[in-house]
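Presented below are the structures under discussion, each in the form of structure tokens.
Look at the two complexes coming up: chain A is in both, with chain B in one and chain C in the other.
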Partner chain A sequence: MNKAKNVVFSYSFLLPSSILTVVLGIYPIVWAMRYMFFDYKGYGEERFIGLDNFARIWTDHEYWDSVLNTFIYAGGKLALSLPLALLLAVILNRGLRGRGVIRALLFMPTIISTAVMAVVFFAIFNSYNGILNQFLMKYNLIGSPVDWLGVDHAMLSVILVAVWGALGNYMLLFLAGLQNIPQDVYESSSLDGAGRWQQFRYITIPMLGPVMQMIVMLAIINALKGYESIMVMTDGGPIGKTNVMFLYVFKLFFPTASGSAATQVQEMGYGSAVAFVTALIVGAITIVYFYGSRRMSRND
Partner chain B sequence: MRYGWRWITWAFLLVVLFLTLFPIVITLLGSLKTNAELTAGATLLPLSWQFGNYKEAWSTAGFGTYSFNSLFVAAMATAGTLIVASMAAYVVNRMSFFGKKIYIGIQAFTMFVSIGAVVLRPQFELMIDLKLHNTLWGVILILISAHASAFFILLSFMSGIPRELDEAARIDGCSPASVYARIVLPLLAPGLGVAGLFAFRGAWNEYLLPFVFTLSKPELQTLTVGLANLKYGVSAAAQTHYMMAGACLSIVPILVVYVFANKSFMQMTAGSLKG
Partner chain C sequence: MKKRWLTMTLAAVVMAGSLAACSGKKTEENGGAESGGSDSGEKTVISYWTGDRHDSEFIKEVVDEYNATNKDNIEVDLVIKGDDFDQALDMSFQTSEPPDVIRVKENTIQTFYKKGYLAPIDEFLKEEHKAAFPEMPDLNSFEGKRYSLPNYGTTMRLIYNKELFAKAGVTAPPTTLAELVDVAKKLTAAGKESGAYGFAQNFKNPGSAFGRSSRVIAEVSGFGGFGYDFKTAQYDFSHFKPIIEAFKQIKDDGSMLPGVESLDIDPLRAQFAEGKIGMYLSFSAEAGVYTSQFPAKIEWAAAPAPSIDGSFNGASGFLGGQWLALSSKTTKKEAAWKFMSYMYSESLLQQYQEKGFGISMVPSVSEVAATPQVKGIEGFLPNPYDGVWPVYPVVAVQGTKSDDAFFKYMVSGGDLDAIIKDLNERYNAALAQAVKNGEVKAEPDPNFDPKALAGKFAK
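Up next, the complex of A and B:
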């Protein structure tokens, strides 16, 4: 009857959401896609330079180093957190006493601010006066302070912090997947004499396939995108050892933001191009993974 | 044999639990130590409990202001997110109109595509145009604009509310707007609670956005920003006890929320897989 009225009403209710999404979500992306063809330092004139920014990326060693660092960081984070999370989920999926409390405690780190914990981890890993070194030296596990945030160990430290923050999340996601596997499959297999390892290998893993594919994809995207805790803990240092792609992008836009002295000028045009290429890299890896892992989503 | 496995399982769980909780416990206990004890003591429990750390951090190190700013930003962003997202979820679930699929597609797009810190720059310029760059409202508006996940959470809760209820109200002469306000919103309360928890956690923990927006305005900084700035300060080594107290001011409120609502947090995380 008053269909037109309903449509007008619908649009008016969608208006706040749409305006905010378009103006603050979509427009900035369009903005970056325009400026990636410009030479613009954030002030003064903006000059159209075609694809020059992309040619510059090609020879920008600092950027490709940061890409490599991202792969090391993401690889380390995934290799440690995913198997550990799966193991924890399998253990907690059994009728274990106190599993509800254990699950809630393990999930706790995901509730707390990444930046705040990065400050705390800085105080823990700090070579001079750091809490970890104090304890290790007190119990004579090390003779002299280890430079956890130095050239040799900084990457390991930021990976461990990332694993700390992500483990509970992936454990919970695996647990949700495990709970979808019907219990009678396990029961009938143990009647047939299957051991726990065999059950894990031939029931849990295949039946978890589709869920696992999604969890791993989520984990890959998160690991490639994350830079907040690195920024607070090491600021990409020392000598760029922990500089990851999106941190590099951040510094092109806000060179004076962090406490360390600015080593470069603001590069808004070039930064947009780098951000675009970085988003493409993340997208490409996601797509390659998705097609490469199709076998996982088949329930056979 | 079985007994041995149980031992190994529990030992493994305890080690993981220890590693998970150690940084949090050391922060809570560290906030009550003197700076000297923190930086050289290698103690677990404080030698003497320094509750004065909080008083000093609150007034001298500015954490009173930071806490207020954090609370303001998180509360406003949560309220705004819930209003905007629930209005959208209501019409998307209940009405039929052209462009619905496009709207949903755009919301999903903003959730998954990220070009990093680049967006902060045009967002900042927009806020200068709106004369909001010297207030926290700029930060709040940008946080509200990222309401896609709240929208999808509320959308799934919407489909659980029987249509018969609002259809009956419409027949009785209720306008769509008052159906939303009087019938849908009250019934949506559990969904609003869950989406609100997530929005609040996100805003309370947000770092990069308020950091960039308040670079030259310490009086507007939030807890996360003020805390990270302590690390960069010249006297950082002398302020580890402030760092720990400040970290607690950020951690403890959210942990208290978590104690009461951990089921909602975990349900929603697990639910995101199926969605």
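Up next, the complex of A and C:
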């Protein structure tokens, strides 16, 4: 009886979030998955076409280019943001004066809307009268304006914005992990003559393992899924150089009318198939990472 | 134990509260709808959604005036959306909260019609309406039923900086592609020192950039602006070759504003207003933009768009034919139509033209309306080259779209003939498929004469 009550009690807590998960998470996924096998333009007839959408993905160069772009974008974002976040966390974990203010400042980008942030960065990177070019030219660091959002530099620019946006968040997570490492371990290692680098290498990194595993996983998923700031800054351009997977999917579902005539057609069916394959790619990478990083979670 | 029950009760209260919050909207909505039309004491609230920004101040004023003065106790809730208008509308129809009156455009009315968002207005149309507002198939009527009425049309022109032209010693705007390239070069040579360049296009969205530039050049030259050939009912992008090559030449010459690759239309306009751009191609809405949105600091004017070789074998697209439409889901059709009738009143449409928001496509209004009080609008008024093109069938092409392919060629070069051949093959395959599925109609019209489209709005 008591056990039964316990079960009811527990499930009553799970219920609200379960309802939300089903309504806002599972139902839309099932809805979209049904259309993977259909030719459906958002209106009119839904034609069953079997696996044709998947065959189309196979030969869709634009999609595979966007997958490659996503890897470059995510790779760049992770390679820059994670080490930097860890470094900042280690520095700010010390008894530094004003560290509270610095932490707050670094965390600030996390709470700013991505769209607002991207609009501001567009004004900074804008090649013609952007603040960055004006600053660099004023101090003679460049001779002529650099097209930061042009073909050659657009990817770098969107990566830098992504790093700026994510840094504070990862730093905070690393800080939380660092504060769980007992001080006595450091103290006893000092007595044994360990230097700062040795402490970092042999105490901080291993003891941060399980936390780091989770942070890196979250960072990977976020980086693979990110497209909002790119949409505002370059809209995937120029010539598709910053077109990432989820932006490609978004445009299939919500094509923008260009000029004054409808030149694109909403592709719900194909979009669903592409979204599914994209989810598989993100899922596969996450599983491979999780499997490969098992050692990190062993705190020994 | 007591504590546990207390927690459970609290959890139940929170759940009940959140469920009530979810259903609260519905109750309110039902209540609103019921009290809407019948109860004379309460206002009938209808919502009007528009994505237009160039006329937003004026529309706000006329809606406010309608709300203050109408005797039918109707209150219009004006919602001005941004670039997400189409998506917001899709969402509204999915969540059962669509607007009652919808702003429809040349590029949206077909889609909204196919999606079932629009209700026919024939039941409200009187003979005087039918006589005053021209019917245009696929632009305001579908399968014999009317869904909207025209207000204003948009002409397409070459917009140029008169001061920079004078500085460069160029006396007349270009009329051919060769002249366009040449003038862009001269303007850049004259203006580069002060940061001004000869030509610009808003390539952040290549579709938007070509939709206001290569489109009109192709159309005045006698070819469909989106690559569709109405004579053969096939896509043929080969006519775009000289146009795209000219644009590439301008870019390669260094006569194009730096950073066009990520340039949106508003930043482009801001630069033009500052005098940093010599020429660009766009719509007649620009005149209003340089009056209110980005007051121009330079003398500028608009001229007919150049053709490929200087001869005019077609018509410069006069775009429009529709303005407001009734939502298929409105429960307040009568009230919504009353508001629409107010918006379509001759005096209001007259003001619309006179204030420079658009050039009237309604003959009875054109006759009485004065030239708009907007600087620079003269160049946009209908000329003998303007005309309404038929609507081409939009298809779901697989792979790179024509605009993206052409822009890529402009930036990184390649074999343009091969690009065009590939585009023709893919667009025609998609067209054949869409015709087969009954999604579009495409029938050859060997007698189609693009030149005959022109000259109906001005002699």
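A few comments on the model shown:
The working rule: the second predicted complex is superposed on the first by the 267 of 300 C-alpha atoms of A that agree within 3 Å, B and C clash if a C-alpha of one lies under 4 Å from a C-alpha of the other, contacts with A are read in each partner's own complex, and residues count from 1 in each chain.
In this text, a contact is a pair of C-beta atoms (placed from the backbone, for glycine too) under 8 Å apart; a residue touches a chain by one contact, two chains touch by 3 or more.
Since the model is a prediction, treat every value here as computed from it, not as a measurement.
Put simply, more of the residues of chain A are touched by B, taking chain B and chain C as the two choices. In the superposed model, A:Leu14 lies in contact with chain B only, and not with chain C. Once chain A of one complex is fitted onto chain A of the other, the partner contacts of A:Val265 are limited to chain C, with no touch recorded for chain B. With both structures placed on the common chain, the touch criterion links A:Val282 to chain B but leaves chain C unconnected. In the superposition on chain A, contact is made by A:Gly240 with chain C only, not with chain B. Of the two partner chains placed by superposition, only chain C is touched by A:Leu149; chain B is not.
In the superposition on chain A, contact of A:Ile49 is made with neither chain B nor chain C. Contact with neither chain B nor chain C is seen for A:Ile181 once the two complexes are overlaid on the shared chain. Shared-chain residue A:Asp60: touches chain C; no touch with chain B.
Contact with both chain B and chain C is seen for A:Tyr128 once the two complexes are overlaid on the shared chain. Touched by chain B in one complex and by chain C in the other are residues 9, 13, 16, 42, 122, 128-129, 254, 256-260 of chain A. The touching residues of chain A, when paired with chain C in their complex, are 9, 12-13, 15-16, 39, 41-45, 47, 56, 60-62, 122, 126-129, 145, 147, 149-151, 154, 233-235, 237-240, 254, 256-267, 270. Chain contact summary for the complex, chain C toward chain A: residues 4, 8, 11-12, 14-15, 18, 83, 86-87, 90, 105-108, 110-111, 114-116, 154, 203-212, 215, 225-226, 257-259, 261-263, 267, 271, 276, 283, 319, 394-396, 398-401, 403-404, 407-408, 411-412, 437-439. Interface residues of chain B facing chain A in the complex, by the touch rule stated above, are 9, 12-13, 16-17, 19-21, 23-24, 26-27, 30, 38-42, 83-85, 87-88, 90-92, 95-98, 103, 106-107, 110, 112-123, 126, 141-142, 144-148, 151, 176-177, 180, 201, 204-208, 211-212, 215, 223-224, 227-233, 237, 240, 243-244, 247, 250-251, 254-255, 258, 262, 265-266, 269-274.
Those residues of chain A that touch chain B in the complex are listed here as 6-7, 9-11, 13-14, 16-18, 20-21, 23-29, 31-32, 42, 84, 87-88, 91, 96, 102-124, 128-129, 131, 134-135, 137-138, 164, 167-169, 172-173, 175-177, 211, 214-215, 221, 225, 227-228, 232, 245-246, 249-250, 253-254, 256-260, 268, 271-272, 275-276, 278-279, 282-283.
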